[in-house]
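Here come two complexes built around chain A, the first alongside chain B, the second alongside chain C.
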Partner chain A sequence: MDFELMINSFPKLINATFITLKLLIASLIFGLFIGLFFAILRLNKNLIINKFAYVYSYVFRGTPLLVQIFIIYFGLGQIEYLRSTALWIILKEPYWCAIIAFSLNTGAYTSEILRSAFQTIKPGMIEAGQSLGISSKIIFYKIQIPIAIRQSLPAYGNEIILMMKGTSLASTVTLMDLTGVAKYIISTTFKPIEVFIVAGGIYLFMTFIIHNVVKFLEKKYSY
Partner chain B sequence: MNIIKKFSLGVLITLFLSFSANADKIKIGTEGAYPPWNSKDASGKLIGFEVELAWTLCRYIGQQCEIVEQDWDGMIPALIMRKFDAIMAGMSITAERQKAISFSQGYADEVASLAVMKGSDLEGMDTPAGINLTKPNAAAKKALKTLTTGLAGKTVCVQTATIHQNFLDSGDVGKVNVRTYKTQDEVNLDLASGRCDAALAAAVAFSDYAEKSGKPVVLVGPTFSGGAFGNGVGVGIRKDDTELLNAFNKAIDKARKNGDISRIATKWFGFDASM
Partner chain C sequence: MELLSFGKTGWGDELLIATMMTIAVSITAMLIGFLFALIFTPLKLSKSKFLNLIGNCYTTVIRGVPELLVIYLFFFGGSGAVMYVASIFGYNEYIEINAFITGSFAIGIISGAYSTEVFRGAIQSIDKGQFEASKVLGLKKPVHFFKVIMPQMLRLAIPNLSNVWQITLKDTSLISVTGLVEIMRQSYIAAGSTRDPLFFYSFAAVLYLLLTYLSMKLINKLEVRYSRGY
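Presenting the complex of A and B:
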């Protein structure tokens, strides 16, 4: 064990953790909106809209994240027409390609988590609102959404942790995130065990924080 | 229950037999993704200069060999952890790597070069045809200056953990945005897509890609050798494995004397890259 290497690589890995966190937070924010949007579509009675949302979540939950990120980064980069459009400004950057892939992926899972949360809401609660003469819009925002969020917290906490670990794939499209920098250090020191232990420890610490924040929120909003 | 017992016994015996059969084989690790040094054909079989050379060297050593595939970025750690006994993967002999492993004498050498897509503003840089960085002369120093100006603010793509990455990180050509990839294939893809302004690798890696893909990839600037680019490509061997090191050194001597290395090199590179 080369403890000196572990200590020396720690600050570099902490710096890289900020890139990991930036990717995670951006993907979660975009993914939450995408997920909410598709969850609402899933609850729609129109068969075409419903199926469209279903296919989206089916495709993104049914394929590996690595494949998705490769298709978006290397695959779309091969289409010559795309390179002449304004879209290329975004797709040219590995950073945005990673965020697009992560957002679409976590969005698919989030839509399923939220859909099932909406479906657990007892009809009696909505009926209670209706009998008080509250408009269906306000019932949705003030009754359904808050309950759905509370219901989905445990599953969503899990999804945050999975996504946090998923960001390590950003290193496959040249981003210097926590895993990317760890691999870089290994490429010059040839000591994978030491460096990966430190990197793994940082991931574990992040999981610890996320886990406890979600647990705290679950307690706070329990009823 | 009886079937399960018989089955597990069978599995155990097979495992044991395969272990003992492998015991005296020399395992050689290669990447299989760096043509023409080493690559794979359509059926997934390992081919290339080093694969053919490895079989030749094993014949001279007089021992059975097995060639195994290993991702480039884990090549040296895998050797140290005894997943195989020798590396033949276009790995240049550098001082940095020699801290971790030993190298046999070099068996081949060829130059590195920058590549761009046709029409790039990096085309037509005024530099000598080739520079040696071991003891850079005035012309080489001037060429590095020209490159520093030309590459300023540009994104240059390289395969990770290579001499090419070391060179860009060394600051000899100033501050460039270095982007690293797991394989040379991915470097080529992003060079063609325009995400990279230039790429740096073995010159033959680019000409091989240009030929196979039909993409207008052109070499620019001088070819590089010496210094960060090391002293030829050799067989990487664990430091404590001096017996195998001597065996490879002797085998390379014999293969060179009999003209095997030049013959195989000419076949795969189109020129004699042996040394």
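Presenting the complex of A and C:
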């Protein structure tokens, strides 16, 4: 055990943790909107719109996140047309490519979580709203969404933790996040166990925090 | 389409072999995972607090740490650990472990943690009366486990195990960082030499989709088989 290495690598790994957190928070926020959008599409009665949302979530849940990042980072740059548009400013940065891939991926999972949450809402609640003469828009925003959020909290908590682990793949597209820096230190010092303990400890600590925050929210919003 | 032809000019045969490799790694990893689950599920269910703690540590740490980090640990630390064990037995030569074994072991440990949780949940949701009944009938321990608990446990576990299989299958893409030539690595090589990453990575995505789709079909059949009588 090389304790000196562990202590020395700690500040470097903590710095890298901020990149991991930035990636996580950005992709969770975008992912939530994408997920909500596709969940609403899934509830649509139009078969084409419904199928489109289903295919989206099936493709993104059926392929590894690594493939998705590689398609966006290495693949999209190949299209000549894209390079001439303003989009290229975003797509040439590995940071934004990673966020796009993570958001689309977590969006697919989130849409499934929210869809099942919407479907478990008792029809009586919506009927009660209708018989009170509340417009369907307000029923959706004030009744369906709050209940769906409460229903999906436990599953969404798991998704946050999965996404946190997913951000480690950013290191494959040259980003120096927590895993990227850990790999760099391992490959220069050849002391994998020490670095794994420190980096793994930081990840576990984040998992612990997320787990407890979600548990707290579950309790707060239970009915 | 020319790129996918078989023979020297196309990548079809290479990608086919790579797909076989992905399947082989996934199955090996899944089986190693079952071995780990076989050890850790009893620990998690045992009444001793100490054994409980060991079981919980395993599942919490593995499920809370990114897969890639675990793979790096095995990739860089695997041969060192084996050499250390070998040196205790007086063997001091350099030992190189091949990427297949390192990779499937790393993925196996990860899938083992998920399998452990699935088996624990399944055993816990079996009706207590079943345990008591087999005790009252005086069944021997192996008979009790294989004829009473196991069939009921499998019925409950198979839907969740299919999720673990999907996770394991997708995790194998991460082994490409160790240089094992599976779908992802082969696409990387092909994309590099043809300068056509969009096509090859999209094709890799299609291959993974095909694998997950086909395995889902197969597992659904298993599910029907094990829920006979319900």
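Here is the rule we go by: the second predicted complex is superposed on the first by the 223 of 223 C-alpha atoms of A that agree within 3 Å, B and C clash if a C-alpha of one lies under 4 Å from a C-alpha of the other, contacts with A are read in each partner's own complex, and residues count from 1 in each chain.
Here is the rule we go by: a contact is a pair of C-beta atoms (placed from the backbone, for glycine too) under 8 Å apart; a residue touches a chain by one contact, two chains touch by 3 or more.
Keep in mind it's a predicted model, so treat the numbers as computed, not measured.
Asks: Touching A:92 in the superposition: chain B (first), chain C (second), both, neither?
Replies: first
Asks: In the superposed arrangement, does A:174 touch chain B (first), chain C (second), both or neither?
Replies: In the superposition, A:174 touches chain B alone.
Asks: A:50 in the overlay: touching chain B, chain C, both, or neither? Say first, second, both or neither.
Replies: neither
Asks: So, A:83: does it touch chain B (first), chain C (second), both, or neither?
Replies: Touch status of A:83: first partner only.
Asks: Between chain B and chain C, whom does A:190 touch in the aligned arrangement: first, second, both, or neither?
Replies: both
Asks: May I ask you to name which of chain B and chain C touches more residues of chain A?
Replies: The partner making contact with more of chain A's residues is C.
Asks: Once the shared chain is lined up, is A:59 touching chain B (first), chain C (second), both, or neither of them?
Replies: After superposing on A, A:59 lies in contact with chain C but is clear of chain B.
Asks: Considering only touches as defined above, state whether A:68 meets chain B (first), chain C (second), both or neither.
Replies: In the superposed model, A:68 contacts chain C only, not chain B.
Asks: Mind sorting out which residues of chain A both chain B and chain C touch, each in its own complex?
Replies: 74, 77-78, 172, 183, 186-187, 190, 192
Asks: Tell me, which parts of chain C touch chain A in their complex?
Replies: 60-61, 63-69, 72-73, 76-77, 80, 166, 170-171, 173-174, 176-177, 184, 187-188, 191, 195-198, 201-202, 204-205, 208-209, 212-213
Asks: Show me the residue ranges of chain A that touch chain C in the complex, using the header's touch definition.
Replies: 58-59, 62-68, 70-71, 74-79, 161, 164-169, 171-172, 179, 182-183, 186-187, 190, 192-193, 196, 199-200, 203-204, 207-208
Asks: How about chain A: which of its residues touch chain B in the complex?
Replies: Contact set of chain A toward chain B: 74, 77-78, 83, 92, 94, 172, 174, 183-184, 186-188, 190-192.
Asks: Write out the stretch or stretches of chain B touching chain A in their complex.
Replies: Contacts found on chain B: 73-74, 76-77, 80, 96-97, 100-101, 157, 160-161, 165, 179-182, 186, 189-190, 192-195.
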